[in-house]
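Common to both upcoming complexes is chain A, partnered first by chain B, then by chain C.
Right, the complex of A and B next:
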């Protein structure tokens, strides 16, 4: 039955959580997870479980087994040695848990496929959707679920937002999550699913596709086990929201490494890319593109036209951005005569009325907004790249804020491009926190805009 | 006479500077430049010159003309209206100035070619090498020369180092200089040369090629006026030091924009790239690659072999780095049997002895150094990528410091790859400040290593 997807809602938004393997000892994984729940301010019930413990753990009443809790358990988080996992899962099943996360390692990734099969069959027997084993679990800033067993100070935790991120690899997962946390956009859900013994890429894509809090799906994977079902779900999901995908193991050597890592059978690069593109996925060829593309999809409207206007306060960067447009399959917009006449009236003599529109080094907020108001209304312009070099005297936080505020009223994509150091970076963050993606190199800007436009054309059925 | 290059040494390391157009008024370019000299702690003589002034400027004795100074003047920095530039240059010539920088705009970039020709002929008449007009001038952290007329708080000033950066465009120049300032490597010279009326790309490449403080040359250009001479100099320079070049105007539309910007006649992308590669240039296709490549050339030894070993504490990033190697024309190293045996003895059972070598999530400094000591000595390994995910418990500043310190003793390139947010970024900076380049995405790391290896092969005559 191809629509028999596993629901993850009790895992992502549980009313109660049992943490099996919870501990007072700071070096234990179960300690860090329990600490995270307490630190994050999780408002549901927390039940620490440890077979060796009969008193309290971190101030909470502790249980020797989930069977002793005798109250409803939505989610069980399991952090015990691999050999003990089957018994703990059985107990969770009998206690009526509605979903599990097994963070423990020691299964198929070290050749222990039998133990992993046992895990999968217990999950099935009790109809308990189970994420893992060998994973970091999940994070959800809305419900304050956080099973990451990595020290909080080492990973920037993202704010609440519309981007969901799923990763087979825990390492890639935590590193990219950390990148997201240091960018200006927010997270809906994070899922690190490891060996995928039960819940797999098909279930996750289906869940995130239906999830109303998820606006953009970002996916790192090394292989797909149920190819046909994955495509069936993908076809449906990419019609309603963008899916950005990064695939590890696209070269022969990389595929070998992936097999050793998560026992994934990686297909050839060409085969995957052809399929991914056909079904409307956006392919990120490098990790940083996961971030670059996520933030434009999260904030900008769809646009099917390829005619891009460029405003700049530095000629050279305008030249490089023009090159980058064409290198990414886009083209320079040609303004209408009316627009050119309006600009000629508004702009000082030092501004040459042609694209890229160089507002020159002394441009201030008024000049940028005048230009944006004309270009924004021009029917020959499908999208806009606003270059601001913050090294110039007129470029300050008022300019940054004026641009974001004006751009948000236009019904076409407007993105920023600002190259520089710490002063520039702080203004980029300011603009991103107000909802406009800002890129730090011409190719990143044009490549991200191309990703948005190509996906928009897929959505509208334009080849 | 093809060897008649202009010497820039009096411009870069002057014993005395006259700033013509200096002013007490904070909004004047001449004010900012004078302020920069004072702030930077320039130890030579400073003579403020302003035709309207007869007293002091910013506490220094001021002169109405350079002719009144009556002492040797190495460098004249001219920041007066375009129409006044010829007369000021004549006076500098008669006062015996040994070099000039004209930051004033209003020449060929606005169609005023006649005035620019006049400037060029005065420079020639007095044999005064003249940078500009329409430029930001130069910066030299050693001699504390700084003619940048942009507010200091907006641009991170780089520390002293071995990378020299020349840019035709002031905007690209200041933006990239700002990027350099926020990275862990240092600057030798910065030259923004604008319209290149007198000193041009040939003179600059020649000067930087002979300059003992310059280890790596980084160049942004929009066009070359003296193609044949440029190639003659390039052939000589790329035999002794790397030249990383970014060319604006490589697409037809970009070339049109470049022509409007600096009146450069940009040739086709293919023609330029073919020539650049043939003569040993390293081509940066995006601005961020100027930085990526500069820092590996600045710190790492040459290596002609393409066999790269990868150490990691996260499997997924190892997979992506493997893909990135092959996508950039490199290959995975195969360790000798001896190395494998040594590693098997040193490593815990959880570490699978194959490339990429996954030291797994609990790897600490000891495990990394053990692995580096074996891999570093292996004759089948030409270069090493050390991936550290700082999200993991064992990865801290001691690990970072141990790796850099050990790597610096190996006679092969060792670069870092660390993906993440603020904790990661601070460790990246720490490692870069100690001399190891650290990249934040697999493709940046492998692409930069490929640039180093390809240049090394050019140097050794290996196709």
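Right, the complex of A and C next:
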């Protein structure tokens, strides 16, 4: 395989970090970054660098320039004013830094493309993969790297897990990261790459695609620079792991004068959407869907088909969930005769044996597990939505826990749907922490299951 | 210089990829058109780089049967076409009924050549029901393009129709990928009686 893609391993897992622009002054970006490294418990070497400070910064020996460190530097994090960035990069290059993150803004995003071109050529000259400028940088809970200049008390930091999240926009990046922090799933890597002067979408997709800690890739982008290379990498990556993608910035179709009907229909945003569909991406229409899809891909096996069984302890939500299935292109499963007979023997007379299977309001953990054991084994069932309305007397923590532990043994997707308030929410979190995604609306549940099922079809080569 | 290909040249190109288009001929007079018709109903169209929307601008006359109809239509079109110089008038055999689809290609700035299929004719821009893919495409892609369309049941009402449209799509994508052209339209391509006729084509390159 030709190797046109930049390596990010020294950036994500550095043994030593120089923070250029580090400061004792709490209002400086370089201060927050250094503070976060210290707070996160990073175990490598930290070298604070500030041209105005040669004593100590936050208790660590400080350097006026990276050239004075005279020890290996894996990663340089640059948070100095834009005009000073080229010189600092030159010094990092001469000091042998293996990768850089330029947090500073003031480049192409404000029309300063010349300065950005200069940055790109220095990165190239020293073969130093450089993320940014104008970005939040990276976070990696395993290696305890956190270059974000956002104070830890203002944004939840996710736990360690298998979902990696890349975002062009720092604002979308930090907001979604904050959302992930309050979800039940964990993070592998976070990369906010800003203006992509050097390291771009293609490098990042390639890196995360090859990364063993990444099970699911979640991507927010506003465009790609190398369309064909992006396709080459995408083809390979989506065959081994799911990539959930959301693209901002809808370009009007047919900006120029179109000569053909085709050109007037096939604008830039249509082209992106077509590429995403063709090469196995899962398109998220909304930030909420980035999270909804991430958690089903992170925890559930691929599905064998689109026939879905629904178990519920409330008729009405079962009906709404059924509608949501069909609205999302899925089908209600039809149980085998054997399954129906077994259920009839196990269930009380109040339970009607048909889909959606209403276990009625007094269902407890035993009734749910009995039903799940039959439905889970039914060859006509490809996936299961388990609705639990925690407002009912029989629905409690024991029920929640039994469902998750039973579902985890089935080799088909099982997701939860629980609508309600704070008691429900705490049980949802409990179930998610144990590995089963729980949705709070029928459409979120069915839409997420559809995302998983459509991706499963792509993996199996079914159009 | 990028420009609209001559109709005959475009027709030969699609023919090389096994894509059939309706019998047609340039005509220089009403009498010319009558000779081409040879007793069968025909269509007259004005071709000009300045006119994309022939039906909207009244530059197409359908179902001309009698000598009088044909010659009257010819002089009417000739009058309308004066502002569209240079132009040509083409006569084609009339294809009746059927489902109009569009198959086309566009070169995207970022991803290169892309192939499109949509519900065609006058519905193209009304319903915007189309599917798009990067060239070249596989049979899988062609199938998923059809599956994606709301009008799938109209375009491919049977297994036979489905496989015919799929193979047309794959051939068109191959033609687009292999030639130095930047855009093309087969619009409309009329599906009828288990077969098809492409009745209008534009190739830019």
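Assume the second predicted complex is superposed on the first by the 442 of 463 C-alpha atoms of A that agree within 3 Å, B and C clash if a C-alpha of one lies under 4 Å from a C-alpha of the other, contacts with A are read in each partner's own complex, and residues count from 1 in each chain.
One rule holds in what follows: a contact is a pair of C-beta atoms (placed from the backbone, for glycine too) under 8 Å apart; a residue touches a chain by one contact, two chains touch by 3 or more.
Bear in mind the structure is a predicted one, so any value in this text is a computation, not a measurement.
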Q. Does the superposition put A:117 against chain B (first), chain C (second), both, or neither?
A. neither
Q. Just chain B (first), just chain C (second), both, or neither: which does A:419 touch?
A. first
Q.
Tell me which touches more residues of chain A here: chain C or chain B.
A. B
Q: Look at A:271 in the shared chain and tell me whether it touches chain B only, chain C only, both, or neither; answer first, second, both or neither.
A: second
Q. Should A:361 be classified as contacting the first partner (chain B), the second (chain C), both, or neither?
A. first
Q: Could you say whether A:341 touches chain B, chain C, both of them, or neither, answering first, second, both or neither?
A: neither
Q.
After the superposition on A, what does A:220 contact: first (chain B), second (chain C), both or neither?
A. first
Q) What residues on chain A does chain C touch that chain B touches too? A) 258, 260-262
Q. In their complex, what parts of chain B are in touch with chain A?
A. 110, 150-151, 153-156, 167-176, 178-179, 181-182, 220, 222, 246, 248-254, 256-258, 260-262, 285-288, 312-320, 322-327, 331-332, 350, 352, 354-356, 358, 361, 389-393, 395, 419-425, 440-444
Q. Can you list the chain C residues touching chain A in their complex?
A. 4, 49, 52, 102, 104-106, 108-112, 114, 116, 118, 124-125, 128, 130-134, 137, 140-141, 143-144, 147-148, 183-185, 187, 202, 204
Q: In the complex, go through chain A and note every residue touching chain C.
A: 223-224, 227-228, 231, 258-266, 268, 270-275, 277-278, 461, 463
